[in-house]
Every structure is written in C-alpha cells, then in structure tokens.
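Two complexes are shown next, each including chain A; its partner changes from chain B in the first to chain C in the second.
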Partner chain A sequence: MRNRLKAGFEMFSEFLELAADWNFRDTWMAATAALAAMACAIPGTFLVLRRQSLMGDALSHTSLLGIIGAILFANALRVSGWIDTETYIATRHAVMFVGAMAIGVFSAFMTEWIQKLGRVEASAALGVVFTSLFALGLLLVRSAPSGLHIDPDCVFYGTIETTAISVKGEPPAPAITNGIMLLVNLTLVVLFAKELKISTFDTELSTTMGINARVMHYGLMAVTAATLVAAFESVGNILVIALLIVPAATAHLLTDRYGRLIGIALVVSALSAFLGHLMAITLPAIIFPRLGFETVRDASTAGMMAGTCGMLFLLAVLFSPRHGIFSQFVQRVRLSVKIAGDDLLGLLYRIEEVDMEERQVGAMDLVRKHLGLGWMMSRLAVASLSRNQQIVSDPSGYHLTDIGRESARKLVRSHRLWEAYMAKHFQLPDTHLHETAARVEHYLNPDIRSQLEDELDTPGADPHGRDIPDERHPEGE
Partner chain B sequence: MRRDSTRLLETDDSPLLNERDGTNSGSSRSGICKTSPPLTKGGIQGGYVLLGLLVVLGLLIFPESLSAQETRSVSDRLIRTLSLQDYNTRIVLMGTCLLGISGGVVGTFMLLRKRSLVGDVVGHASLPGIGIAYLVMEMMEPGSGKSLPGLMTGAFVSGLAGALCTLAIKHYTRIKDDAALAIVLSIFFGVGVALFTIVQRMSTGNAAGLHQFVFGKTSSLLADDVKLFAVLAVAVIAVTIFLFKEMTILAFDQEFAHAQGWPVLLLDSLLMGLIVLVTVIGLQSVGLLLVVALPVIPAASARFWTDDLKRMAWISAGIGGVSAVAGVVLSATFPLLSTGPMIVLSGAALFTVSLFFGKQRGVVTRLRRLRQSRIRHGRLDLLRACFEHLEQNLPEGMHLHSEQMTERMLTLNSLLSRRSWKPARVESLLSRAVRDGLLLREGEAGYRLTDEGATQAVRAARNHRMWELFLIRYAEIAPSHVDRDADMIEHVLSPEVLEELETALGQQYPHLRVPDSPHMI
Partner chain C sequence: MSQAQLDQMRAEHPASSPLSIHDMTVAYQRKPVLWDIDYDAPAGKLVAIVGPNGAGKSTLIKAALDLVPRISGMVMMFGHPYSQQRKRIAYVPQRGSVDWDFPISARQVVEMGLYRKIGWFRPVTKKYRQQAVEALDRVGLVDYADRQISQLSGGQQQRVFLARALVQDADLYLMDEPFIGVDAATERAIVELLRELRSSGKTALVVHHDLQTVSEYFDEVLLLNMRIVAAGPVKEVFTEENLRATYGGKLALLEQVGHRMQLSEMGE
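Up next is the complex of A and B:
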C-alpha cells in the first residue's frame, strides 16, 4: 500500500516535472490545435443538430480528393505554362480550399442524387459515394509526382508537431489559417443566425419563410469542407472528425439552449486541444518507460486531442447535470427516496390513527415488511426523514414529529381523496383503488386536493370508510 | 380498389421477402415455412456454394514455388496475373475474392438493417486494437509484435468494442445515431494514432508493418496470411448461409422474430460479429479507411437488380467477388495503383452500372416504366377529350354512340380547350394516336376516331365518370372538385375495380354506355 502510494506520488511529481517543461513551442502548438478545433466546432454544431454528422465524416474523407485534384490541376497548368511558378505557389492554398469545397458540395450532391434517383437508403448512399471518392483521392495521392510534396502521412495524421512552430515570435502559418477560418465561421454564424436556426430546427417553416433549406444545406457543406481543409494540416483528415463532432455532441449533452451550444462547443474544443497536448507530452513518458519501453517520450498531439475529446465526452455522458447517466441515476434515487419517505410517513400516520394510545412502530424490519423496501432504500428514507425532523426514533421505533404529522396528513388526505374520486368516477371495485391512489398521492398538490374536495362535495370518508383528514390541523387540538 | 391504387404509387419498400424458405437451416423449425411452398432447391444451392468454396480452399493450399516477378510490360503482367502463373498472385486473388464475397453477403443484411456504415466505425475503431495488441505482444516477447493472428485479434476486439460503443451511446444518451457513429469512429482512430506514434518511438519497434492496416497492401500479403483470411471468410459465408432464414426474419421484422421465439439479441450480436470479422479480414487488403466499402457497395448495387432477398445476396456476393478480383488484377497490372482503392473503385463502377441499368430498380428501367405509363395516360387523356368534345356537340338528352363517334371530325383547337395542355403535347399525342391506329388523319380538316379509338374513348370517359360518381357519392366530394381527383385514378382502374364500382354505385350502367358527366365539362 505504502509502495503504491509512493509510486503514485512519484508518477504525479514526474507529471509535474514534465508539465513544467511546457514552453513557448508547446503553447503555439496547443494554440494552433485549439484554433483548428474551435473553427471545426462551429459547423460541427450544426451537423450534429441536423443529424448529418456522417456527412462531416464523408466530407473529411472526400476533401482529400478535392485537395489533391486541385493541386494536380494547378500543377498541370503550371507545367503547361498557363501560370508561372510564383503564381502557382502563391495560389496553392486558395486552390486547395476551392477544390475541397467543390468536392464537398459535389459529394453532398451525389449522395442526395443517388439517394433520390436510385432510392438507396441514406447511409448506404453516403457510404458508396464517400468510399469511392476517397479511394480516388488515395490513388491520386499515391500516384502524384513526388515534386508536389504530398505526404500521405501528413494528410492522415497531421503534422502539428512540425508545422506549428513559430518563427521569431510570429504566429505559425497553420495558426493563422485556422484563426482566419474561425473568424469566418463566427462571422457567418452571426450573419446567418436566424436562417441557420430556422432551417436547422424546422425545414418546413424555413421554406415558408423563404429560406431555401437546400441552399443552406449546401452552404453548410461548403463551409464545413473549407474548415476541414484548414484543420487537416494540423490534425489530419480522420481526426478532424473528432474535432468536428465530439465537442458539439458534448455541448449537446450539456445544454438545451441553442446559443449556449456553440459557446460550450468552443470551450470544449479549446480545452481538448490544450489538455490533449499536455497529455501527449506527459502521459506516454510516465507510462511507457514503466512498461519497458524506455525510448517513448511523447505521442501524437492530434491523436491525444481526439482521445481528450473522447474523455470530455465521456464525462459529459456521465455527469451532465441534466442528461448525464450518473445525474439521472441520482435524480431517480432521490425520487425513490422521497417516495419511500412519503410511504413511511403515511404508514406511521395510519398506525397512529388506528391506535392513538401507542404511537410507535417496531424497528426497521416492520417498516420494510410493510413498505416492501430494500435495506438501502429504507435506511435512506429514514435518514432523509430524520434530517427533515419529520420523524424521531427511540428504542421502541419511529414516531412522527409534529412537522411529520402535518406532511403525513396531507399525504393520507391525498390518498383518500383520490380513492374517493376514483370510486365516484370509475367503475372499479374497491379493492382496486388503493394501488392507484398510492401512486398518485405523491404528486397531488394543495390545489388539486381542494379541487378534488369540491368535486366530491367535501366527503368525510373514503370508500373504505376511513376518515379523510382535513387539509389543516384542526384548531385547538 | 385501394389495393389497386396503392400499386400505383411506386412503393419504396417493395417486398423483398418473396421467398421465405430457409436456405439450409432445418426448415421445420419455424411456423413461417409452412406458409411457403416447399423449396428443396435452397438447401442444395447452399451445398453447392460450400462445395465450391472447399474446392477454392483446396486450390489455395496447393503448395507451389514462388516464381520471381520480373515481368516488364503491362500486357505481360496482365497475362501473368490472369493466368494465375504466380503462386502468390493466385493466392491473393483467391483470398481477396473470398473476402469480397463474404463482404457482399454480410453487407446485404447490414443494408437491410440500415446499418451500412457500422463497417466504417468498426474499421476505424480497430486501429487502437492493433496498436495495443502490438504493444502487448512486444511486452511479452520482444520482436513478436507483428504476428498477424495477434494483431487481428486485437483489431477484432477493439472493432467490436467500437460497434458496441455506438449502440451504448445511442441507447444511454440523447446523442443520435449518426453522431454516435462519428464520435466512436474518430475517437478510437485518434487513440490508435497516438498509440502508433508511441510504437514508432519504441526502440525495438517500427510501425511500418502496422501502417498497412490503414491503407491496405494486398500485394505484399503472404500466402499464410491469406490462408487465414480465406478460412475466416469461408466461415463468415458459411455462417450466413446456415442462418439465412433467421437473418432474413431479423432484417425484416424483429418483433415478429421475437414473438416467434427466435433469440433476436443473439442473432443480432452474431450479425454484428460477422460484420466485424469481415472488416478485420479486409483491413489488410483494403485498409481500414476504405474497408466499409466491402459490405456497402456490393449490397447497395445488388439492390437495384432484384426484390428477392436470396437473389440479392447472390448478386451482392458476385459483385463483391468480381470487384475484389478486378481490383487485384488491375493493381497487379499497374503497380502504381494500390489494391484497396482499386477494389473500391471497381465496386463503384459496378454500382454505377447497377444504378442505371439494374433490372428491378435501376434508373433506366424506372424511367422506361415511367415513360410507358405517361404514354398510356396521355393516350387516355386524349381519347377522353375526344369523347367529351363529341358528346358536348350533341343535342340535349342524347347519348353518343360509337357509330356517330367515328363520323365526326375533331380539330386540334377543339381538343386544346378540353384540358390545360400545350399545343405541342396535343400534337405529339395526336400523331402517336394516329400511329397506333386510334385516330385517322383527314388532311387539314382534322382527325376522326377509328372504331378501336371510339371504343377506347368510351371506356376512358366511362372510367373517369364512374370514379367521379363514386367520389361524389361515397367520399362526399363536391361535384366541382371531383374532376382532378378522378384524373389521377382513372388510368389504373381495372375491369374488376370497375365492376366493384358499378355494384357500389348501385346503378347498372349498360355496357359501353357512359353516364352523364356529374359536372360542367
């Protein structure tokens, strides 16, 4: 145990040491990655909301063809003398963007076309289109002349380690590209806020309002493709899917509000970039030497970013305040405890009613026997009631306090009113009333109780002949 | 009537479940079989397949020396590849072909279950498994990291984990299907990339051998590896054939399968296991980036050719096998073209052909059907317009008889005012009707109906008005509104339906007599 603690402490101090090595270069790399991730998060949010995440996946694959095709085309122009080498180098980037956007829109169009014309199921159409275009892109990458500087590894894994290095304190080129893309995307979101919102959530409404949903769709595809190309260089064309979809999905788990969605997605993506880079330079160096691989000092930042995105997503899945699995579990347990507590109060009240002299119940097992609660639940219920000072316990059992009796009366009143109501309006045998009432009693508020009372002309007793207690404790008792 | 009118609307989900008999599985096991005619052929067919596969396997196991690959010209290489002179080529070809077939077969069911892209997730998600398997094997025994079965086991486990993760995300969170796929795919791939960089930085390791899982490298496959694939592919095909009926029920009606007492969850997991297996086998030949094409493209192509599931599975298997072979042959002939993309592109070419020329749902077929029905509808519209024109020029209270109809003249202008149609359309309809012998052209004066034309015109008008009367009486539609509704249905009224209409209307119209129009024409 001691050894393990020591080892843990050692690992932590090692982590701190490694993290302390974080320098200017690391900051630029993480910042570049963060800019790329944030630029992606914006179109990603809309893809997730529109349920077109797979379109993002497809685009990231097919834009490879766009890039390669555009470069080959520009190169062919250069070779044949239409443009000179300087223009070629100067316009190389712009050509890449145009090519990727064109192919992006083209693959979206092809998918839709095959889906409609051939009546192929949507995901199958997408699968056919993007694999074919991607295969074509791969072939071109392989067969491209070596002078074009197209490195497949760069395209697939990203080269943030080598390109995001700032020269003389100036921001590295990829950071600028991604920064511009982020600005463009932000501007577009602000400019087309209304159109995007309406066409995302209600296509029919947007059509009636004169917003062409198809134009919006293809526009989104073009912007996504451009953003993907900007981010490629840093993180590679598969990992970019993680940046596109995962922060948006995480935000989708955390909030239900449209405006906040984009904000949270941006924060998550920036966070994943910085944490991812931190993990990349620390974790492998801590773990792998211990496994016998001395030479491993770091791992791909892009890969670790995707991993961090995954961790953040997992955290959101578990602990999101509203939709998290854990949070929902806690909510359910609290509700069950409340209901169990209510049942216990009702039980104590009924016991008091039957035998006013002996205001006590046996210990826990009696409670459990009557209410059918588990060990854990009965204990939780008792604890919660005691904390609210609704019951007290002594060696003879549990007793209602005055506060407890108040709430218990209301519960029993709800129960019996509901039974009376059911008996009046539904043709049910008396034996069937109890169960429904036991379920409904927890949800009736004073309003409904008084309405029920009016409806039933202030009944004195429930169908079983027991008194329905008054809403308020009778004066002077 | 409804039966007939629904036939009109081209159904999107045409019944694929034409034959319900189990292929090889004990056909006495399910109540379904009792409703279908006994078909012993299925079992025999399945047996043939297995037999064929065994022969292929036998071929594979034939040992023969590896001959040097020193051929130069394209044609030489093509001939060498096609004539299977190289032992290695032969083996690669057979293995890849089996892989394509198994992908096609399993893909059929994935397509019908609308899970086509699960293969993509599995492919990408297998990357970390490969990395971890390599690391674990290196830790246990340095230098053994590249043992293929070990790596494939890793790929299988993490591919399956990825597929299960998508299901879990879909089930436990509010994230939708598509996002779940993208999330799992990219995160697993990212972790895999990180692991690969770690492998690369190890003193003992280099990731070179692992990268072939990403891009695929069929040409460098070793005979022993291919034999492993072949065995697995045959296993996949065999399992699918044996469980064909069960899978069919699962694909079409899960609730029914459940109610019938089939272990739905088990079958579903089995199908998932099969797709993972196909993907993992395909990794080395096609690469994990493209491996999804193996199940998707053949199945999507086969869908154009038939509405029958069993036939679709056969066609899909065929397309898968052919595109795999074509890809291998092409890339062996032109060394610059890598195999994986070539397999995918061959598949895409076959898909395009199927998309246009597929016998059942191909675009050309559908367009031809559409054209034929438009011609028919145009003819009926024209004839009805003729009838209405002739009828209107009769004195009040008189009924038109076919003898009168053939005598009177019709002009283009008189017909033009009958409906909202363009002169060009009317002219083309008229000339087509003349060619079909329904009308006679009388020079400049106009047209005259032939006997046949008159009969058909009466029938067209009669159908129209019967339906109008039906609508007025039973659907309580205002007489001024029934014309358009009837316009859409009159072309498809069969004699039986007309008979039913007559009974329903309670008025026996004399044969070939046309009821008066219920509204102003």
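Up next is the complex of A and C:
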C-alpha cells in the first residue's frame, strides 16, 4: 500500500515537472487544435441532431478526392497556360476548399441517388459512395506529378507538431485557417439559426414554408466539407471524425436545450484540445518507460485529442444529469426507497385498520419480513419516513404520525381504487388484483384518483369488500 | 405551371376554392398510388379525408404541397399556384414524422410556425415568443411551454403541432392524422379548435381514420381509395354504399395495371 502510494506520488510529480515544460509552442499547438476542433463541432452538432453522423465520416474521406481533383485541375490549367504560376500558387488553397465543397455536395447527391436506384438504406448507399470516391482520390494521389507536393501523410495523420509553430510571434498558418473557419461557421449558425433548426427538426414543414430542407442539407454538406479540409492539415482526416461527432454527442447528453447544445459542444472541443495536448506531452514519458519502452517520450497531439474527446463523452455517459448511468442509478435507488417506504406506510395503515389497539410493527426484522425487503433497503425506507416525520418509533415499534397516516390513506385509497377499476374492466379472479394494484398505487395522483372514482359503480368499496378511504380525512383530524 | 395550363385550370375550377386539384396522378417508383384526382375543396368547411390504409390519404396532401412529385396534374390554392400562396397554407405533418428527442422546448416548436413571417436571418424576438405562448395557451399547454418536447405525452405533442399551425394564421389547414393516438382531452381540444377555425372562415382538410366520428366532427368528406370514390357533404356522401366502395378492397385493375407499370420499369 505504502509503495503504491509512493509510486503514485512519483508519477504525479513527474507529471507536474513535464507539464511545467509547457511553453508558448505548446500553447500555439493546443490553440490551433482547439480552433480546429471548435470549427468542426458546429457542423458536427447538426450532423448528430440529424442522425447523419456517418455522413461526416463519408465526407472526411471523399474530401480527399475533392482536394486532389481540384489541385490537379488547377495544375492542368497552369500547364496548358490558362493561368500563370503565380495565380496558381495564390489560389491553390481556395481551390482546394472549393473542390472539397463540391465533392461534399456531390457525395450527398450521389448517396440519395444510389439509395433510390439501388433500393438500399441510406447507410449502405453512403458506404458505396464514400469508399469508391475515396479510392478514386487515393489513385489520383499516387498518379499525381511529384512536383505538386501532395503528401498523403499530412492528409491522413495531420502535422500539427510541425505546422502549428509560430514564427516571430505571428499565429501559425493552420491556426488562422481554422480560426477563420470557426468564425465563418459561427456566423452561419447565427444567421441561419431558424432555418437550420426547422430544416433539421421537421423537413416537411420546413419545405412547405419555403425553406427547402434539401437545399439546407446540401449547404450543410458543403460547409462540413470545407471545415474538414481546414482541419485536415492539423489532425488528419481520420481523427477529425472524432472532433466532428464526439463533442456534439457529448453535449447532446448534457442538455435538452438547443441553444446550449452548440455552446457545450464548443467547450468540450476546446477542452479536449488543451487536455489532449497536455497528455500528449506528459503521459507517454511517464507510462512508456515503466512498460520498458525507454525511448517513447511523446505521442501525437491529434490522437490524444481524439482520446480525450472519447473520455469526456464517457464521463457524460456516466454523469449526465438526466441520461447518465450514475444519475439513473440514483434515481432508481430513490424510487425503490420511496416504494419501500410507501409499502411500510400501507402496512401500518392496514394494521391500524384491522386492530385499532396494536398500532405498530414491532422491529426492523418484522418490517423486512412483511415487506420482503433487504437489510439495507428496509433501513433506508425507515430512515426516509422518519426524516419526513411520517413514522415515529418507540420501544414497542413503529407508529404512523398524522402526516404519515394522511399519506398512507392516499396510498391505500389508490390501491383499492385500482383494484375496483380492474375488477370492473378485466375478466380476472379477485386474487389477481392485488399484485397489479400494489405496483400501480405509487404512481397515482389526486386527479387520476378522482377520475377512477368517477368510473366506478360502487366507489365506496373495493372488490374484497374493504372500504376505500376518502381523498380527504372526513373530520380533518 | 405555364400560363396556358393555368388558364385552362382556372376555366374548370372555381377560383374561390382553397384547394383545387386538377387531374393529379402520383406514383411511387412508377406505380401510381393516386389516380386522376380531380377535386375542389369547399371554402370555410371542415373536410375529412377518409379511406383504408394505403389509399393515398397522406400522399394526396403531400402531393398538393409539392412534397412528393406528381407525374401529372396541377394544383391551385385560392386560384394561384401553391408557390405563391405559401403563407396562406398551414401543414400539420403526422406526429411520427419528426424526432421528438430533438433538444427544443414546446414553445420553440411553435415558434417555427412563425419563421416565414419573421423572415430569413432575423432572430425570434420577444413579440414572436409571446405569440407562440399565446398559441400554446389556446391548446391548453401554456404551463408546458418550456418543457422539452420528449417529456410531453403523445396528445400534448399533437397539440404543440396544432399550436404551431395556429400561429401560421393560414386560410387553409392541411392536417395529417391529428387524431391518431391522442387522449380524449386532446381529441376534444382538436375538435374545438377546428370549429373555431371554421367559424373564422378558414378551411381544414383533415386525414381521419375514425369512421364513428366523421359525421360529428366534419361538414364534408372525401372518400379515397387510390382514386376519389366520392366527395361532398357528409350527409349526402357518407353512405353505407360509398363506404363499402371505399373499403371493399382496391380496384383490382388499377392495382394490376400499376404493378405492370412498376415491373416494366424494372425491365421485366
């Protein structure tokens, strides 16, 4: 134990030492990565909301063809003398974006077409389109003249470590590209807030109102493709898919509000960029030597970023306030305690009903026996009822308080109303009614109870002949 | 639509009709699902569109709204092509056609009905938010305005859709199965609203599945089964004989010919 603590402490101080080496180079790298991730998170949000995440995967592959095709086309123009070399170099970047956007729209269009023609589902059509266009792109990369400086590694893995370096304090080029892309995307989201919302939520209504959902879809594809191209240089076209989808998916777990969704996705992206880079420069040097790989000292920032995205998503899965595993567990436990407490109240009430003298259940183990509860649950239930002043205990056992009796009466009333209701509408022997009523009684509210009462022919008694208590205590005791 | 076609259509259909359909045929993969629909909706009436599953009820509405392509025929609304009349038409799609897990509130869904009025690029201002809340009040959901839509019951979701149609302040309402899967309170609320719309001179065409309530809720009925079997006032048209013709199976020859059209497309 002691040794472990010591080892842990050593690792932590090693981490602090390595983290202290963080310098302005690291800041620029992380900032570039953050800008790329944030730019991606915006179209990503809409892909996730439209349940078209796979489209992002597809576009990141087909964009390769767009980039290469556009450059080859521009080069062909240069070679045949249509444009001079200067123009070619100046417009090379813009041409790449246009090419990728065109291919993005083309991929979406082809997918719809193949889906219709091949009578297959959308994802199958998408699979056909993006693999073939990607293959075509790879072929073109291979056959491209060597003077074009097309480096497949740059496209696949990203080169943030070598390109995101600030010269003379100026922001590095990829930071500027991604920053502009982020600004463009933010502007588009603000300008087309309503149009994006309605065409995502209700394509048919959107189209009838003159906001053509199809056109919006193609527009989104074009913007996604452009954003991806901007991010390729930094993180590569495979890991970029994580940046596109995961922050949005994380945000979707954390909020039910449309406006907040994009905000949270942006924060998650920025966070994963900085945390990812921090881990890239610290963790490998700590972990790998201990595993016997002395020479491994750092890892790719892009890879760590994608990993961090995944971890943040996992945290959201676990701890999201509404959909999280943890909160659902807490919710379930709370409900179980409430039901156990309800059952105890009902039991005490029924005891009072048959024998006014002995208003108690002796000891804890009696409670457990009567209600079939575990040790833990019976204790939690009793504690919760005592805290709400619904029961009190004295040496002779547990008793209902006035507050408790009031709640218990409503429960028993719910139970018997439900039995009576079932007896009226179901062809079941009376012995079958109790179990269902015991399940349902916890969920009825005054409104439903009064509706049930109105339904019944003899609202005063349940099928076993027992009185159904009134909603309010007759004397207001 | 060319001017000549428009003139021809205007000669045959009353300009006062909220919805005129001229000789419309709609096909899915070459197989006609609606044959030669020719119809004029009466102004200021509640019209039920009734027919068995697969009769083309939803398709009729969608084709009129250009949501699915027509292989022939024309549609006019208040004497003009639909593209010029969008603001006078409100469409209520089937509840199941959207993703109710979408992260927005009931009020935000209703606001969508105002987007056309607000216009491109402009934000939803307080005035419009207020209008949305008022519409929610009219359908009895004002307390649920800020609820996320997945937390509403089926009936409440349908009422949100109705509120969204109300804020559009249209003259013609096209509703696809608004009564399906709703509770009794919602059903009453919808009927109430339809009557209000009628008394302010609006027209509603409603795809309806419950034959029991047709004569109680509606003035007119359009009996549909791949073609119009009968259309007119409920009292005259909603007869046992017409219902038998509507529900007594599809016309065998229409089905056979349609099937052959589909097969020949596939080269068989």
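Assume the second predicted complex is superposed on the first by the 372 of 477 C-alpha atoms of A that agree within 3 Å, B and C clash if a C-alpha of one lies under 4 Å from a C-alpha of the other, contacts with A are read in each partner's own complex, and residues count from 1 in each chain.
We adopt the following convention: a contact is a pair of C-beta atoms (placed from the backbone, for glycine too) under 8 Å apart; a residue touches a chain by one contact, two chains touch by 3 or more.
Keep in mind that what you see is a predicted model, and the values were worked out from it rather than measured.
Enquirer: Kindly say whether there is room for both chain B and chain C on chain A in the superposition, answering fit or clash.
Expert: After superposition on chain A, chain B vs chain C: clash.
Enquirer: Name the chain, either chain B or chain C, that contacts more residues of chain A.
Expert: B
Enquirer: In the superposed arrangement, which partner chain does A:Val246 touch: chain B (first), chain C (second), both, or neither?
Expert: In the superposed model, A:Val246 contacts chain B only, not chain C.
Enquirer: For A:Arg51, decide between first (touching chain B), second (touching chain C), both and neither.
Expert: Touch partners of A:Arg51: chain B and chain C.
Enquirer: Kindly classify A:Glu121 by the partners it touches after superposition: chain B alone (first), chain C alone (second), both, or neither?
Expert: first
Enquirer: Can A:Val317 be said to touch chain B (first), chain C (second), both, or neither?
Expert: In the superposition, A:Val317 touches chain B alone.
Enquirer: A:Ile325 in the overlay: touching chain B, chain C, both, or neither? Say first, second, both or neither.
Expert: It touches chain B, and chain C stays clear.
Enquirer: Which holds for A:Ala135: it touches chain B only (first), chain C only (second), both, or neither?
Expert: It touches chain B, and chain C stays clear.
Enquirer: If you stack the two complexes on chain A, which partner ends up touching A:Thr208: first (chain B), second (chain C), both, or neither?
Expert: second
Enquirer: After superposing on chain A, check 224-232, 476-484 or 512-520 and name the one in chain B that bumps into chain C.
Expert: 476-484
Enquirer: On chain A, what residues does chain B touch that chain C touches as well?
Expert: Shared contact residues on chain A: 51, 252.
Enquirer: Given the complex with chain B, which residues does chain A contribute to the contact?
Expert: 48, 51-54, 56-57, 61, 114, 117-121, 123-128, 131-132, 134-136, 138-139, 142-143, 152, 156-157, 236, 238-242, 244-246, 248-249, 252-253, 280, 284, 288, 291-300, 302-307, 309-310, 313, 317, 323, 325
Enquirer: Note which residues of chain A are touching chain C in the complex, please.
Expert: On the chain A side, the touching residues are 49, 51, 191-195, 197-198, 200-202, 204-205, 207-211, 252, 255-258, 261.
Enquirer: State the interface residues of chain B toward chain A in the complex, per the touch definition above.
Expert: 12, 111, 114-117, 119-120, 124, 135, 138-139, 169, 172-179, 181-183, 185-187, 189-198, 201-204, 214-215, 289-290, 292-293, 296-297, 299-300, 303-304, 336-338, 340-342, 344-345, 347-348, 351, 355, 361-363
Enquirer: Which chain C residues qualify as touching chain A in the complex?
Expert: By the definition above, chain C touches chain A via 62, 65-67, 86, 89, 91, 93, 97-99, 102-105, 108-109, 112, 115-116, 118, 120-124, 148, 150, 164.
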